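This is the structure, below, for whatever I ask next.
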Amino acid sequence: MFDVVSFLISWLTLFGIYAILALCLNMETGYTGMANFGLVAFFGIGAFMTGYLSISSFLSYFGYNYPIYSLDAVIAMGRVSDKNPILNIGVFFLSLTFSFLVSGSVGYLVSYPTLRVGPAFLGITILSFGEMTRVFMRHFQPTGGAYGLLGVPNPFAWVQQPTLKGLLFLLLTFAILAAAFVYFEVLSNSPYGRVLRSIREDEVSSLCIGKSVPAVKAKLLFVASGMSGVAGSLLAFYLGSVSPDMFGTAVTFEVWSMVILGGRGNHVGALLGALVFSLLGRASSAFNFLFPGLAIDPNYVRWMLMGAVIVIILMYRPKGILVEKPVRTEAWRVFEGEEGRMVFHRKIGGVIKKALWWLMGREVR
Amino acid sequence: MGPILEVQGVSKSFGGVEALKDVTLKVEEGSVTGLIGPNGSGKTTLFNVIAGFYQPDSGRVLFEGRRIDGLNPDEVYNMGLARTFQNPRPFSSMTTLENLMLSPRGQIGESLAKAPLRRLWSGEEFKIAKNIKDFMSRVGIADLYKMRVSDLSGGHIKMVETSKGILGGARLILLDEPAAGLQYAVGRGVFEYINSLRKSLNLTFFVIEHRIDLLFDFADYIYVLHMGRLLSEGKPKEVASDPEVIRAYIGG
Amino acid sequence: MPLTGELSDVGVQWRTVADMAKEDLNAEIQKYGIKAKFTLVIQDDKTSSTEALTVVQTLSQAGIKVVIGPAASSQVKAVKSYVDDNKIVIISASSTSPTLALPDDYIFRTVGSDAGQAKALADLVNSKDVKKVIVFHRDDEYGVAFAQFFSNEFSTLGGSAIDIKYASGLEDYASEVAALSTKAQQENVEAIVIITFDKDGVNILDHAKDDAFLSSRKWFSSEGIHGALGLTTQTIAAFINKTNLLGTRPVFKENPLYKDFSSRYKTKAGIDPPVFSANLYDAIFLAGWSILRAGSYDGAAIRASLTEVAKKYYGASGLNMFDSAGDKMLQDYSIWTVKLLAGTYQYSDIGSYSGGTITWG
Amino acid sequence: MPTEVFNTIWYICVYSLMAVPLTLSNRVSKVLNFAHGVYITLGAYAAILITAGSGMRISPIVAILAAFLVGASTAVVTHILVFSPLMKRKSNPVTLMIASMGAWIFIKYAFYALLDILQKAWSTSLFYATPNLDLQGQVEVMGFEVNVKFLFVVALTFLSLSVLALFLTKTKLGMALRAVADNPDLAQISGISNERVMLITWLISGGLAAVGGFAWSLFTYVSPEAGDIVILQVFACSVIGGLTSLTMTLAGSVVISSAENLFILLLYRYLGVELSFRPFLSFLVLLMTILIRPPAGAGGGLPYRLRLRGLPRKV
């Protein structure tokens, strides 16, 4: 009765998108200690960038000249979006890149207040920045203003079978997620990651041992916001539509709770948190479906749960489910000999190698 | 050997309150120079000015003949002038090793662009780690490398703080009350440690200390600051016998 | 269905409507002796797009092929690509965005697009020989689109409309109303046309009633505010009567089925049926019948049969024929206001608009 | 343009009633409390629930007391259950901030659930309501028809804020409160129970915020989102006050209120800026204040001066 496959696909896709966000936030908060409550702004900017680029490029390629938010444009998109696979894929990667660049640059600029004010103020500042972005997008005609954009061409629009299409998109999402994960993992297991942590611990004293803290923060915000932008772009492609109201502060808080649950300063933890909370969302609606007409709506329960989890985690396991590990670099080799070299992606590599050996029927050496 | 640090007529005031009034002093290379004075006499303010926390309202600060006033703390550090804090500010939830690994200047792996490419920096990392291991074993804290700094004892934390500057290749180190909050013996230990380093690595120390007795045993030269003004200076004995100083300390 | 979030006020009332429709539908089916029973699954979409998508996905994975709602156009957009792929029929009873009037997709709307109602409202305003108005509207899709259509229609009728946009989703609109008042005095307009949802609309009227000049103008409104309980409170209702506020809404009141429906709703819930409830009611009926007609529980088949059923179906909201874009083709409108009936203020339809002509009474 | 002025005064009253306690709590407990918005909502709903439940009018005084009680108790409970355990663990400000976020989400949706149940029970719409008080009509004040509620709220604000001021400056407890705010350790030494002071603080701030919410509910219809929608503006007021100075917070609420009621109108009239930019404007004011004049106690700001790098000059 219950279609498990498509459930997994739809759930995991949204999970993938949120997981990328969680990783970015983890970089900013877990490692660098910047309370970024405006995450959603970069998310949204990425999404709108994508909507604008993809649709306009399609229309121009097929020689229409409607405004991209007009009805004609939407209809036209419906007609042409599955005509030319190469174009679809190309546009997809193009908009991904641009979303990264644009959101990243915005993040870089936003980092300016971070050197003027402390954590609490930073939180509020970026939070209100997020709201400002939303209000602005509502008035910004080129991206449809209040109308938003409809008809963002799915990179696999040319695939007819819906499940396969979903699956392909899921794989793409996971590929990007994996890339982000490995990149961040490597980054945080390098001297750079060490600097980030030092900033989280005590930025003044980090400044006093010659780390130019503002520059580091700004660059990090560039990368993290950029990745959030990529997540937004994925969302736009997945939904096929973008509208300003999709990017309220609630999104930010959801991602926050993911990171806190999973463990600040631990990327695997961030993934775990994302997994749990996205599943929770599904569960609440499924629950609602199974037992209609409850006294208390499961959605309320779900959010209450979310709040409670945050508080409880902070009380009894402040570092989250998975605590952060010290930065693994060559340095450990000097003190601990060879096993000090085992850094995360090498571990993965080892596992894969073993698996291959096993598959080839040889015994693992 | 000439002066490594020169402070020339530095004044600094906060909202009308003058914390430093036209302070001028020299720190000879290779010396342990002391700075004493009652609370609120502007010692720490002076350090902050030197280390680039504050910009002096007037006057100049020269380090190895270069102006450093108006530079930012990180730039000052990267020129070879390190400072410690009165109550230490280590990166407490990080291990001792990580704390020390942070201090060397201009590591390749600390640039965002190069960090992901392991082979660019792994060699350097290895070298640094080796130095640190030698250093730690020489100082006798090698076996602490794995501990979080928050778990260390007060004396060790001070050592780590001081070591940071040294490993950063600083030639002048400003110490803000290295012996504060330690028992006499431990405090003395810290000072002996400083002294030995000074000899072996040819470093210069500029030290604020309330433990005048300790300071008098170890310092070569002492400045006395009072109400933001330079009250007296000289070899420990001269200062100790200076009536001005005595009055300041008793009536100040 | 929005139970929390900005549309929460109506959402809760819609739940009642849906239950009613279900019971009636099942009863009717029994009457025809068909062995079938429809159960209704009500989901809160929190007026947020991703939530709406999650809900729709969950439903479809549970094998459901017909989803009624989501309410807001932005949500319908968010689920569009998914439902088109997976052949799920969406029947929205309240999404009126013109940008969703798309041919051969799986989205149907049992309510006329705003374009139609904008014309009706323009005619209404014109019939009160008002020539110069201010259109005071939300800054979201609904408000912007409606205002645009209205201005066009109104200017073709030889009137002139000044457009003022306010930020939706706020809690209070005092300053907006103040600005409206000053602007109205500058331009010396004859009437104000408000295009709002329930919360903001009530708030705006609540502030406007304290403003001397605004109280001296004529007021007109779209359907968005209809059914809000705030309007039946003493003070606001008095203001409405003073300014003789008239509104249009997509209901054909002469329709006996509707009279029946609304009276039964009133006995059930104690208040008048809220905006779009008739359309929701019909949407559920359409869904039910088309499923039966399709024979097989399959999206494509249901879609096909839905258009057929709609051709013949005459429900509480009148004829439900769909046009090529899957929107209700013939939408009649009623002219509503709030009146003092039997000691209490109540919504009442005092006229109807059908095929370009207004009939009073 | 009297209406605009009246609105501005309304807003000043309401915002200061909401923002001052926020600043107070932050100053004493060092928590940037996101749950503040919930206190506001609860305060706004206290009177509504009473009237809706009993179906009768109540006097505004009762309503105020109810609001204060609800808000204060919620705040205290939040402190006991969430903040004080975390403070005992010496958690850093960011952690506390996040914890408050959690508390906020929890309480908000618990309240939603409660309303949902009550709505079914009483079969009335509570998601958008205003209290039914015997406080109606207009009075003639220097040529203006003035709403009684308006005068009431102005008086309420003036009274409660001056009482607070007196409490902080004159009474022993108030001084203790300020001492703790300025230097907890010192206060601890001088024998003031830190915990007790915290409790008092939360009592006051929660209660006042709730009263502010009640004032808000007199002004307009409120929804369960009320607190969350105004909270950003309230934060803006407090941040202008540096989250430490109560007087500056008052100034902040004046600034924000006039930005929302006067500046936007001027912009609209003379520059044709659309009205819907109102929320944008208040955030803009906030950002500008932070960037141009980082408020006193913008704690944790780096000792860092932006300038074009030039290598130190040889002398």
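Every chain is named by a letter (A, B, C and D) in the order it is written, and numbering of its residues begins at 1.
Keep in mind that, in the parts below, contacts are C-beta pairs under 8 Å (C-beta built on N, C-alpha and C of every residue); 3 or more make two chains touch, one makes a residue touch a chain.
Everything numeric in this text was worked out from a predicted model, so none of it was measured.
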Chains touching both chain B and chain D: A
For the interfaces A-C and A-D, which has the higher count of C-beta pairs in contact? A-D
Where chain A and chain C are represented by their mean Cα positions, the distance between them in whole Å: 36
Report, in whole Å, the distance between the mean C-alpha point of chain A and the mean C-alpha point of chain D. 33
Counting in whole Å, what is the centre-to-centre distance of chain A and chain B, each centre being its mean C-alpha position? 43
Please tell me the distance, in whole Å, between the geometric centres of chain B and chain C computed from their C-alpha atoms. 73
Of all residues in chain A, the ones touching two or more other chains: 135, 138-139, 204, 207, 213, 297, 300
Which chain B residues reach two or more other chains? 72-73, 75
Where chain C touches two or more other chains, by residue: 3-4, 139, 167
Run through the chains and report each pair that touches. A-B, A-C, A-D, B-D, C-D
For chain D, which residues are in contact with chain C within the complex? 1, 3-4, 7, 10-11, 112, 116, 119, 123-125, 127-128, 147, 216, 219-226, 229-230, 260-261, 264-265, 268-269, 274-279
Where on chain B is chain A touching in the complex? 51, 72-75, 77-78, 82-83, 85, 89-95, 97-98, 101-103, 105, 107-112, 115-116, 118, 121-122, 125-126, 128-130, 132-133, 145-146, 164-165, 168
Which chain A residues qualify as touching chain C in the complex? 1-4, 6-7, 10, 14, 69-71, 74-75, 78, 135, 138-139, 145-148, 150, 154, 162, 165-166, 235, 239-241, 243, 245-246, 248, 250, 281-282, 285-286, 288-289, 292-293, 297, 299-300
Any idea which chain C residues touch chain D in the complex? 3-6, 8-9, 12-13, 139, 164-172, 174-179, 181-182, 198-199, 202-203, 206-207, 210-211, 228-230, 269-270
Which residues of chain A touch chain B in the complex? 183, 186-187, 190-195, 197-198, 201-202, 204-213, 216, 219-220, 223, 326-327, 329-335
